[in-house]
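First chain written, first letter: the chains are A, B, C and D, and each begins at residue 1.
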Amino acid sequence: MPENKIDLNSDVGESFGNYKLGLDEQVIPLISSANIACGFHAGDPTVMKHTVEIAKKNGVALGAHPGFPDLMGFGRRSMDATLDEIKDYVTYQIGALQAFAAAQGMALQHVKPHGALYNMAVRNPDIWRAVAEAVAAVDGRMILFVLAGSNRRDLEAIAAENGIRMAFEFFGDRAYNPDGSLVSRKEPGAVIHDHKAVAEKVLKMVRQGRVVCRDGSEIEMAADTICVHGDNPAALSLVKNIRESLEAAGVEVAAPSTFL
Amino acid sequence: MPENKIDLNSDVGESFGNYKLGLDEQVIPLISSANIACGFHAGDPTVMKHTVEIAKKNGVALGAHPGFPDLMGFGRRSMDATLDEIKDYVTYQIGALQAFAAAQGMALQHVKPHGALYNMAVRNPDIWRAVAEAVAAVDGRMILFVLAGSNRRDLEAIAAENGIRMAFEFFGDRAYNPDGSLVSRKEPGAVIHDHKAVAEKVLKMVRQGRVVCRDGSEIEMAADTICVHGDNPAALSLVKNIRESLEAAGVEVAAPSTFL
Amino acid sequence: MPENKIDLNSDVGESFGNYKLGLDEQVIPLISSANIACGFHAGDPTVMKHTVEIAKKNGVALGAHPGFPDLMGFGRRSMDATLDEIKDYVTYQIGALQAFAAAQGMALQHVKPHGALYNMAVRNPDIWRAVAEAVAAVDGRMILFVLAGSNRRDLEAIAAENGIRMAFEFFGDRAYNPDGSLVSRKEPGAVIHDHKAVAEKVLKMVRQGRVVCRDGSEIEMAADTICVHGDNPAALSLVKNIRESLEAAGVEVAAPSTFL
Amino acid sequence: MPENKIDLNSDVGESFGNYKLGLDEQVIPLISSANIACGFHAGDPTVMKHTVEIAKKNGVALGAHPGFPDLMGFGRRSMDATLDEIKDYVTYQIGALQAFAAAQGMALQHVKPHGALYNMAVRNPDIWRAVAEAVAAVDGRMILFVLAGSNRRDLEAIAAENGIRMAFEFFGDRAYNPDGSLVSRKEPGAVIHDHKAVAEKVLKMVRQGRVVCRDGSEIEMAADTICVHGDNPAALSLVKNIRESLEAAGVEVAAPSTFL
């Protein structure tokens, strides 16, 4: 990761039919990589097309955001699917989004698993391998997004075996444990609400590759992309603040395909 | 259509989860083009992957068989979807299948809409245009399958506008009206069960480009592909018979991408 | 319909999983009959339970609001389902809601079909009969809600055949044609936005059983219930205004089971 | 459990739309309790209606067979749903089936959770309690079916707290461990294919309340109902054989509502 470039990614395209979710029109211009829901946990074909349009208009890179086939649970519930099923679900959803990208003359930059699938994959290398194999088989130029600071070596090895690149993801508004994992949302102080504190945290990670943990200790934390949210006006304001402080510090917000 | 080549196409990959439908393993070796369900009216990601595998193993060309999002109705019920929705549904489903094809080093040859979507598109040029635009935007090399003998000129004009090729489809086991349309299944004699009569009908269409209608009159009928079924042993036996009589007559069964 | 009582009904419980829709907590205290989505076009089991809870707490009567199995289209798209399928879909959805009512010691007061199913049923007596038969078979004490002013006699005859009561529905914020039908939303002036005009219209219908049509003519219009919306703060404000003007005029807002 | 009566239960109504599963027409006449899928993991409204009809015609008691909302996985995959969600899913599905029963003048006798939900509930008392609470709240006269021989005391206590009866289920064609649990299907000898051996096992359980385990030891095993299958002709033949040997031994096949 070069010191003067960082990606901002956000989950978008999560509306479905008559249901609207997220401030996509406003958050997409602020980010460089869009993780677009693909119809299993959120999103529908028409939402996907519109989201690709908005991203294209704003020069934002496209990524598939595949999840479990569980619209009722928004893909947030673990499902005991087999490795083959997971691989097939990821393949299917990538393809569906690729078609909308192709129809607008674009290609996908990346894949970031959603919700329970993401959490299961980060913890279970076999599941990560299933995801990586799906990505590699469909289009090995795509970058796989994953949580920074956890079992990084294992996951990098799996990506390398499959000949694909990974981008590591940092959460500016989340407290970290000394082992590099995120403090659980169930614990106090897990989410950081102070905009200034978040901006400082992001800048420290970008420039020094380090993060101050909740217990005050400092650890190494190299990441290529920062996960941000566009669910509500407060989240949007935080994204604006992160982007402005990055640019004020001479850091360019850019999609990882430009620097990985 | 050259006199010595004809395509045989069949709807396959219609199983879903625990539900098995069709004798895919047996019918696919007998055909040259496989219309593979894409998860909306039938098929699921795992079924799609397996169906692509079987087709690849047998050298059979792959086609997307997109339908309405109505698994409960098997895509056979008209839905009052907008043209944009139809276009997006077709785009989504083509893409999903393309990913499984790409993962196995293949590309899609064709697209054939399913059930109610097919029937609506054949009757309504606006719907046909929506389908054609989706196909053209995703990959203009794909061939669009459509019923022969009906409003052929209109449909050809729409395909031409969009720069895509069409393959016209003939039903060997269905009676025809003098205007080139199929006799409704509700009428007696609509479906021809005699294997010999079906084989003769197919051969006449292939060699002479003509069909004898139910009323005894004879009309022109140029088609590139014959629709066959693999739902049950009797259907399978009919396909075998058609294939054998074609080969005995020196007609090669071949995917339309080889001769269109 | 007695001159001093009228029902206010609203479609509620239309959220689904992570998707929130409608201001149910605020609109339910203002109405007397709640039309609760049953999981086909909107609503999920958890949403249904919560909606029954809110209605119970506010002394509001419960009604099933069954729709087509089309979450992606919010039940607003006509589907070419058979009469038997429609009957079975209505039966299923009524039962699902009955269980949540029973679990809270309540029973359903009414059934109001949703969206495309409602529109199709109002126009097609065969579909209305399928709905009425389902209602009568499951629990003949339930009241069926239907648009006032259209083909009222036909629909009443069907309900009578099945031994069930009907409540006729009036739209205070919609313009009427001289034949008693609603002016299409595609035409100018179809929706009335002026709160005072709506309140006057509602009062005239309640007291005199008459409505002034768009062309200035006046027709008879007897209704038992007024359809109101809780989608947004403006809609909510209109409901409050209608309720206040009714009460100021000495008209009691009451569920139809209390006066039919 | 009286020595001269035993229930035979089977999962039925598992078809969906165009997909047919199970030999319901043939197996239902052989059993006394039908576990009917309710649309989440299998079954659709039309299938439910027909299944209730067949059961009614054959004097077979009706039971709801609720599962997870996972048609693609046939309800066989564990899902990390909350206890409230599980309770709501069970409530919804019971209600849906009750409506079809009511429409034919019948009531539900029992509830038997399906697949992953059944397995999770048997292992986790909190999940069992959620199911029991749903059953008790909707209609406390319904009997809850559960695996015999496992953590029976815990489950009975939970049912008693909720004021509902339980029926314990025995598998005649499965080998048992000495702790009363079923031998995993992954182990050799888990499934018993010999019809005579199955019949003997069933009779021993019915008359003596005992079962010979895989290791030759003998344990107590009191059950009220025997789970049988109607998936294929071989399964059907086994059911016939079980029924005949029971009747030959003077044991009456009867629904548990007649003897519990």
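Note that in this section a residue touches a chain if its C-beta (ideal position, glycine included) is under 8 Å from a C-beta of that chain, and two chains touch if they have at least 3 such contacts.
None of the values given here were measured: they were computed from a predicted structure.
Counting steps between touching chains, the shortest path from subunit A to subunit C takes 1.
Comparing the chain pairs B-D and A-B, the larger number of C-beta pairs in contact belongs to A-B. Comparing the contact residues of subunit A and subunit D by number shows a mostly shared set, over half of all numbers used being common to the two copies.
The distance from the centre of subunit B to the centre of subunit D, with each centre set as the mean of the Cα atoms, comes to 43 Å.
Look at where the CA atoms of subunit A average out and do the same for subunit B: the two points lie 40 Å apart. Residues of subunit C in contact with two or more other chains: 44, 72-73, 85. Remark: subunit D residues 39, 44-46, 48-49, 84-85, 88-89, 91-100, 102-104, 134, 137-139 touch subunit C in the complex.
Considering their complex, residues 16-19, 21, 42, 44, 71-74, 76 of subunit A touch subunit C. On the subunit C side of its complex with subunit B, the touching residues are 69-70, 72-73, 77-81, 85, 116.
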